[in-house]
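Both complexes shown next keep chain A, but they swap its partner, so chain B is in the first and chain C is in the second.
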Partner chain A sequence: MIRISARIANSLWLPALLMLLWLVVSAHSSSIYFPPLTNILSQFRKDWIFANIGKDVVPSVRNLLLGFILASISGVVLGLVIGLLPTLGKAVSPVIHFLRAIPPPILLPLAAVLLGLGTSMKVVMIAFGGVWPTLISTIDATLSVDPVVLDTARAYHIPLWTRLRRIVLPQASPRIAAGLRTSLQLCIFMVVVSEMFASKGGLGFFVLDAEQTFAIKQLWSGILMLGLLGIVANSAFSFFESRILRWYFMSQNK
Partner chain B sequence: MTSTDATPVELTATDLTVTYPSKSGQVNVLDKLTFEVPAGEIVSIVGPSGAGKTSLLRCLSGLMLPSAGRVEIDHLEIKEPPAGLGIVFQDYGRSLFPWMDVRSNVELPLRSMGISRNERMGLVSSSLAEVGLESFEALYPWQLSGGMQQRVAIARALACRPKVLMMDEPFASVDAQTRFDLEDLVLKVHSTHGMTVIVVTHDIDESIYLAQRVVVLGGKPSTVREVIRVGLDFPREQISTRGNPEFGNLRAQLFSALRR
Partner chain C sequence: MTSTYIKKRIRATTSFAGIVIALLVWVIAEDARLLPRSEFPSLSSTASAFLAQFQSASFVSALAATLSTWAVGLAVALAISLLIGSFLGSSARAFRSSWLIVEFLKPIPPVALIPLALLLYGTSFWMPTGLIIFGTVWPLLVHVIAGIRGVDPVALDSSRAYRLTRRHTLRYLILPSVLPSLMTGLRIAGSLGLAIAVTAELIGGSTGLGNFVALDESASKYAPMYAVIIFTGLIGIAINSLFKFLSRKIVPWHHERFGASL
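And now, the complex of A and B:
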């Protein structure tokens, strides 16, 4: 218990200090763009406890989850297949690099024409924007599976499916996880962007709307909420990662 | 030999040649190796580092096709790893799976052999007991010392009741005392199960101590310099066997074969 609190204290003192600094410096601010933090916080309470949660936070979180899951599954599955079939990989690689080079927000209008303005379009765009780091790190990790490991699997006649599930995938998993973490970041970005385009709810919409109606305090409270969402998403990711890859972290720093 | 053990097999290499592509065309690593490994014998293959020992073992185990020549098991040419192969790699840190505990590591090859769960459990337990690790089955490989990890690799091979056990410099990276213990473990396993055993090593003394026959590799590219019969009695014992004058003679003979 004491150790956990010490760890939290260790990693939180700087953010706390910065918040305090913000609080003090902004206390008597009369700038319309930088209102006092106390005002922002009371606005935050008004906005998020719990008035707009249902309208703006829930759809964003749901879209993030769906988009990230879609990105993860397609990235890992495609990555494994491409990584295991080097000839396919050579052919597919330029296509991947072309698609990845397109800034995904540019595709929103096209996606809207093809898929409409609903949730499915947003989820697909979030996944499209976020999939690349997972796909690329899965391909790399699969290509660089240790040859001794593959020799072991072949010598003992481990069938293909078992080989994939119990050998290739676990060995690739630390690098896949690193890709997933970057993908998560991109998915959050895409959640906001997709809600800024012809949308009627969500955090992106909330911030854009605040900006357009010159509601500066709301703008700040929306930004804080987004930051908070990012932190929660990342912590949740770390939580699962440290459990699933326990063997990896423990074998690394024994 | 116990009743569940598979019949040992005979291996032959004929004109086995391995060349790898290199910057300047081709590099010839093994040149027309011909030798045989009689069923149920322990044969060691000794050669200096870089002589192509791992390449040779990969050919003998069917993991790699030779560039020329052939490998036969009981007179049938092999093109892929044969059934009944047990293998222990040079680098235990890379061939055991760190995401599985010891039990699952040993059990994995059995899962695809169509044997019942109960029987699998029995094989895993008895193999771990044979290598002295029965109380470590719930640990992970990285929680064990190098010597213990190599024991796990041996247990994994034993659990399959192999007809032939191949080991690539299995004890090169453990301390001397552990090495002696592991050498005696191999001899014990061989006398219990009677399978054919091929041990690759760069250590002359080890090649004599373990084997009934030593294949000496040397030169660039490597060729078979000599095949030496080791007449030392079984069971062998670290101190008396190594102190036997015959052991000294064999060592001198091997040494000059390697130097030539």
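And now, the complex of A and C:
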């Protein structure tokens, strides 16, 4: 009991101290750009409980979920196909290499020309920006599945679907999960950028609009909300990962 | 020996065939008028726009702006993360009291700070550079800390027992553990930094390739827009290859798995 509370105190004292420092130092701040923390927090309450939730948070979260799901499914499926067909992999590798090297935000003007400015363009761009880590780690993980096991399964005429489900996916899943985690970060990045580029709603629009109308307190409350979104999305991912890959983490700790 | 050579040749030929097929698809789609011509410029007009860019002074200055903010931002982030990371990595107590802060700040999307950076720095050099520093410092910091904490504690104790000088401990014990991890962090930070630079230019409007593409789009100049996008992809590849090359030179014993197939 004492040891646990000591550990909690150990990891909490510095964050708490910094928050307190922010509170005290900013209390009488007259700088336009750095308003007192108390003002930011009361603005945060005004903006997000629950006035602008429907207008700005819901579209961002929905686009993030849709884009991330699209990126995950296409990354894993394409990755499995490419990983199981090495010749195809060699043929498409320069194209993949090139596409993932393009910083995705620079494609937004192009996507606007081709797909318009609606939600579907945003979701496609979020998925396009986030798909590469999942795709590449799925290819890598599939290529490194024990070939003897795969050959044996083929010799026993175990059908392809069962081979995928029972041999490839379990061996590849820890690394696919690592790729998905990076993909999630990139998807959040793209959610914000896509809402800043010629958009009329969402958290990215909210902070950019606050800057353009010189509403500094809203700007800070929007940044806080975006930070919160990033933290919640990451924690949710860790939660599901630890559930689904429990067998793997337990085998690592042995 | 010979067989690996042949394998390499086959691999190169297959990859080359992939590029040729991708370009052929472009030409055929354009010939069959599958795509609206105005929004999908032909391969030849894109290629000539590509070559024309190098004669345009505004393109060259945009390129120089993007590359210089990228390099300065990355260098500052590297210096910060080496300084803070070596402190946090070498003391268990410092690590415990600070990891929560790192975990809290790391997931904040750096692009969320574009409006704040615009307020503070306008469209000057430090707007994109400051964002690059804030965004790339986390992957670098995490990898520096992981590298230092990965030093074998038994070896560290032995080095102390044998009274190795600090310089020798650093040279033969700490660096071999930190460098591979640091090189991985640098590769991640390198492409992230380029993405942040381009975004800051696209949204914030400071000089650079991102802004260049946005201007071409609003002027409906699609061939140069495609050309600059393709060029930016080539910069991305060059940055990746640069870090791969450095990694092979600096840490030849470290075999990086990630992306090894591509």
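In this section, the second predicted complex is superposed on the first by the 229 of 254 C-alpha atoms of A that agree within 3 Å, B and C clash if a C-alpha of one lies under 4 Å from a C-alpha of the other, contacts with A are read in each partner's own complex, and residues count from 1 in each chain.
Keep this in mind: a residue touches a chain if its C-beta (ideal position, glycine included) is under 8 Å from a C-beta of that chain, and two chains touch if they have at least 3 such contacts.
Given the structure is predicted, the values throughout are model-derived calculations rather than measurements.
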Partner with the higher number of touched chain A residues, chain C or chain B: C
First, second, both or neither for A:158, with chain B first and chain C second: first
Chain B versus chain C as contact partner of A:11, first or second or both or neither: second
Touching partner for A:116 - first (chain B), second (chain C), both, neither: neither
Touching partner for A:54 - first (chain B), second (chain C), both, neither: neither
Chain C partner contacts - residues on chain A that touch it in the complex: 7, 10-15, 18, 33, 83, 87, 89-110, 112-114, 136-137, 139-140, 143-144, 185, 188-189, 191-193, 196-197, 203-204, 207-208, 210-212, 216, 219, 222-223, 226-227, 230-231, 233-234
For the chain B and chain A complex, residues of the former touching the latter: 58, 61, 63, 80-81, 83, 85, 87, 89, 91, 94-95, 97-100, 108-109, 111-113, 140, 142-143, 156, 160
Touching residues (chain side chain C, partner chain A) in the complex: 11, 14-19, 21-22, 39, 93, 96-101, 104-105, 107-116, 118-120, 191, 194-195, 197-199, 202-203, 209-210, 213-214, 216-218, 222, 225-226, 228-229, 232-237, 239-240, 257-262
Interfacial residue positions of chain A with respect to chain B in the complex: 146, 148-149, 151-152, 154-159, 162, 166-167, 170-171, 173, 247-248, 250-251, 254
